[in-house]
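Written out below as structure tokens is the structure these notes cover.
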Amino acid sequence: MTPLLSVRDLVKTFDVKGKGDGVRAVSHVSLDVAPGQTLGIVGESGSGKSTLGRLMLRLLEPTSGNIAFDGISLTDLNVKDLRRKRRDMQMIFQDPLASLDPRMSVRNLIGEPLIIHGLGTKQEQSDKVKDMIERVGLSKDALDRFPHEFSGGQRQRISIARAMITLPKLIVADEPVSSLDVSIQSQILNLMLDLRRDLNLTYVFISHDLAVVQHIADTVAVMYLGEIVEMASATEIFTNPKHPYTRALISAIPQVDVSQRRERIVLGGDIPSPQQPPTGCHFHPRCPVAMPICSQITPASLTLQTLDKSADAHTVSCHLYTEGSES
Amino acid sequence: MSRYVVRRLLQSVIILLGVTFITFFLLYILPADPAQQIAGKSATPETIANIRAQLGLDQPLLTQYWHYLVNLLHGNFGRSYIQRTDVSSLITSRIGPTLYLMIFAILIELVIGISVGIIASVKRGKATDNAIMLFSFVGVSAPQFILSILMLYVFAVKLRWFPIGGYGTPQHFVLPAFTLGILGSGWYGRVMRSSMLDVLRQDYIRTARAKGANEFRVVFVHALRNAILPIVAMIGLDIGVFMGGVVVVESVFAWPGIGQLAWQAIQRVDIPIIMGVTLVSAIAIVLGNLLADLISPLVDPRIKLKR
Amino acid sequence: MSNLVRRLLKRKLATFAIIIILLITGAAIFAPWISPYNPDEQFMNGLSLQGSPLPPSHHYLLGTDLLGRDLFSRLIFGARTSLLIGILANGVAVFIGTLLGLIAGFMRGRVGSAVMRFTDLMMAFPALLLAIALASIFSPSLFIVALVIAMVNWVQIARVVYTQTISISEREFIEATRSLGASTQRILFKHLLPHLLPTILVWATLGIATTVLLEATLSFLGVGVRPPTPSWGNIIFENQAYFSTAPWLVFLPGIAIIALALSFNLLGDALRDELDPTQRGRS
């Protein structure tokens, strides 16, 4: 099945004035997202996941690499065609207060994509807006109010309504619940799950919170300092994590069931500055099982056998697996 | 530091080039037919064609501009259409009185502005302060020429203390210099006031007071020294402000500087002279701004230079 | 909007300014009805035996001018000219300045720098001299005078709009709107511009003060509005010779000019305090 979204060897370097090389936020990332799938991208802040999300929609220009969406090369599109394509690929932002124009009414905010892409008559547009606001769990009298009159969770619902109204094929959600109260988080997540089912959506869900991703993703990619260090189906990642970083992240997920409590792997230090990435494997300074080779050679991405043969491939970039030895 | 200086100098050169291009454009490209203007109303078509060739008006734009620029660098600002003399010699002969007036006007502005600013800051919030602020606000709103005429009327016509404009004796000089001085002081006054207020809030002032220094010393020795720093940079900008009003002031007071030259040229629609004065003013402004930008980091170590 | 007006009226100075502006505007609009005489009419008994202007009297409320015309009538019609040019010139300046500032601020890069370098260049010229130069080159007419003033005044608004646009366009809702597929045009006019309106309003108001002053100065120098059309500036220009014998001919228009400019300045300042308290004090 052709993937809905496909990125190949994506690199994004930000120039820093005064220094020569710049910051490599995203480094040689390749992945596919199948239609109907939900890909979760996890990493700490500074891992480049938000940048990757924006690159996927070409909201940022990649320094090099290829993006293909719905069979078309996004990187080759001219500005006008790119804009038109946006109807099929939308983004949900982390801070709904900042991402909604404070001077526009909710009605205009949600309806704007329809006007931009010229979808339907005025009456049809108005009906769609009314339909969408109720779908996201708000009442019709919210339409004439303004973003600042709502709570964080409600604002995120408005953002979701706005993103969904053109019935896109792909939604990239950048930390959509991180700024919300924990109790509200699950409400919004459930809303997103319902909409996924009703509207046949494909999600790319970016988060630093593995617990959240566990709830919603089919496939998980783990990022560290601009690179994907491990990628597998959600079940694989959580039951059979291979990369030391992934293992540390998973061990940190709070577990309610005492019998399921894992050994907490604590990582030393902070994520290094992207301007000065460590040599070889970027993770080696913090890796509890680092070997001498790790500081010298960058590990390639390897495909491993999965426990469940029918599941997606499990790839990992780590020298522990280079010789084929399992640990 | 020297990187900054070089960069600023380069910027100024570029702006000056741009200035010369605009004056060139206004002088030769915009008017309907400069050749006609130079030749005068009763010239024959041949004369006009000759002049056109002489001026090189049929050549491409950039070539013409190049000639113009080269001429400028040699001090040739063109010739007046009407007076048949070089613009540059007219300007050089008249620039003396203007410079003289400018220097003294700025000096008076500084003296009045700084004193008034200090007083206002010391008496902050009270009637004196409010009165001073209102006065400086009005000074900005009222056009120079009206206040100049007012001063002339009160002091020259009614009180007869000074002559009604002209040049030559110290008495002739007092009114124009003081009118400009009073009008311009408002600007310095406001800056001085806020600068003093900032400084007086600082800890080292409190320390000085605690050490027993009397108020006079505190204000004039400790505070003033630091508060005056922003004023220094303003002087450069003030040159620009002065240039903006030079035509009006000199025409009201019949002061024989380049402003009056421009005014006479206006009456006769003598465009080369007008452009010459405009160019000289623009150059003065660019140099003044450059001076201000170069002096402020020298004088105030707190100012961080943009990298 | 009505909320803003109410807040303004609470400020004494602003209220004073608004009253003056309304009075002068009223005079300008109703000029033909409230003016005692035709401003261009030169009266036979309008001059003294020696041919000099008459002082205020029963007949001529504020006296006559050098050609025997009623000063009061000319002042009222002069309000029309000064206000008209002030608003027209300022309107054009605001339009050009906003457009250029918006585009330069949003697109940044080379377009942005180019526009800003150009404004730096324009600021190297003293506004008055540039206006004089332009006015001398083109043949005189009310329209040209307004245009010339606009050419000189757009620069400041462009710079202010530019800095504001840059700061607003960094906000996330602009990125979000881009991600919806909105065109640059849409973002500029439906999203950026509404956020700029308070700033534009403040500077437009202050701008009228500058344009009124500039027109008055140009007319005083003889390159602005030409007589017989009355403008407060050219009334002073025409009657200069009599300023010692009939000073009211010079000072009454002068007071009118100061009143109008001061009022717009006060109003603009008050608007600025109300709409953006972070910008207190003149730049």
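Annotations
Every chain is named by a letter (A, B and C) in the order it is written, and numbering of its residues begins at 1.
We adopt the following convention: a residue touches a chain if its C-beta (ideal position, glycine included) is under 8 Å from a C-beta of that chain, and two chains touch if they have at least 3 such contacts.
Because the structure is a prediction, the values reported are computed rather than measured.
Note: the chain lying farthest from subunit B is A, by mean C-alpha position.
Chain centres defined as mean CA positions place C nearest to the mean of all protein CA atoms.
Averaged Cα coordinates give subunit A a centre that lies 54 Å from the centre of subunit C. Centre-to-centre, using mean CA coordinates, subunit B is 22 Å away from subunit C.
Rounded to whole angstrom units, the spacing between the C-alpha centres of subunit A and subunit B is 59. Against subunit A, in their complex, subunit C makes its touches with residues 171-173, 175-183, 186, 191, 194-195. Those residues of subunit C whose C-beta lies close enough to touch subunit B in the complex are 117, 120-121, 124-130, 132-134, 136-137, 209, 213, 216-217, 220-223, 236, 243-244, 247, 250-251, 254, 257-258, 261-262, 265, 281-282. The touching residues of subunit A, when paired with subunit C in their complex, are 57, 59, 83-87, 90-91, 93, 95, 98-103, 112-113, 116-117, 159, 162. Contact residues of subunit B toward subunit C in the complex are 14-16, 18-19, 22, 26, 30-31, 137-138, 140-146, 149-150, 152-153, 157, 164, 190, 194, 240, 243-248, 251, 262-263, 266-267, 269, 271, 274-275, 277-278, 281-282, 285-286, 289.
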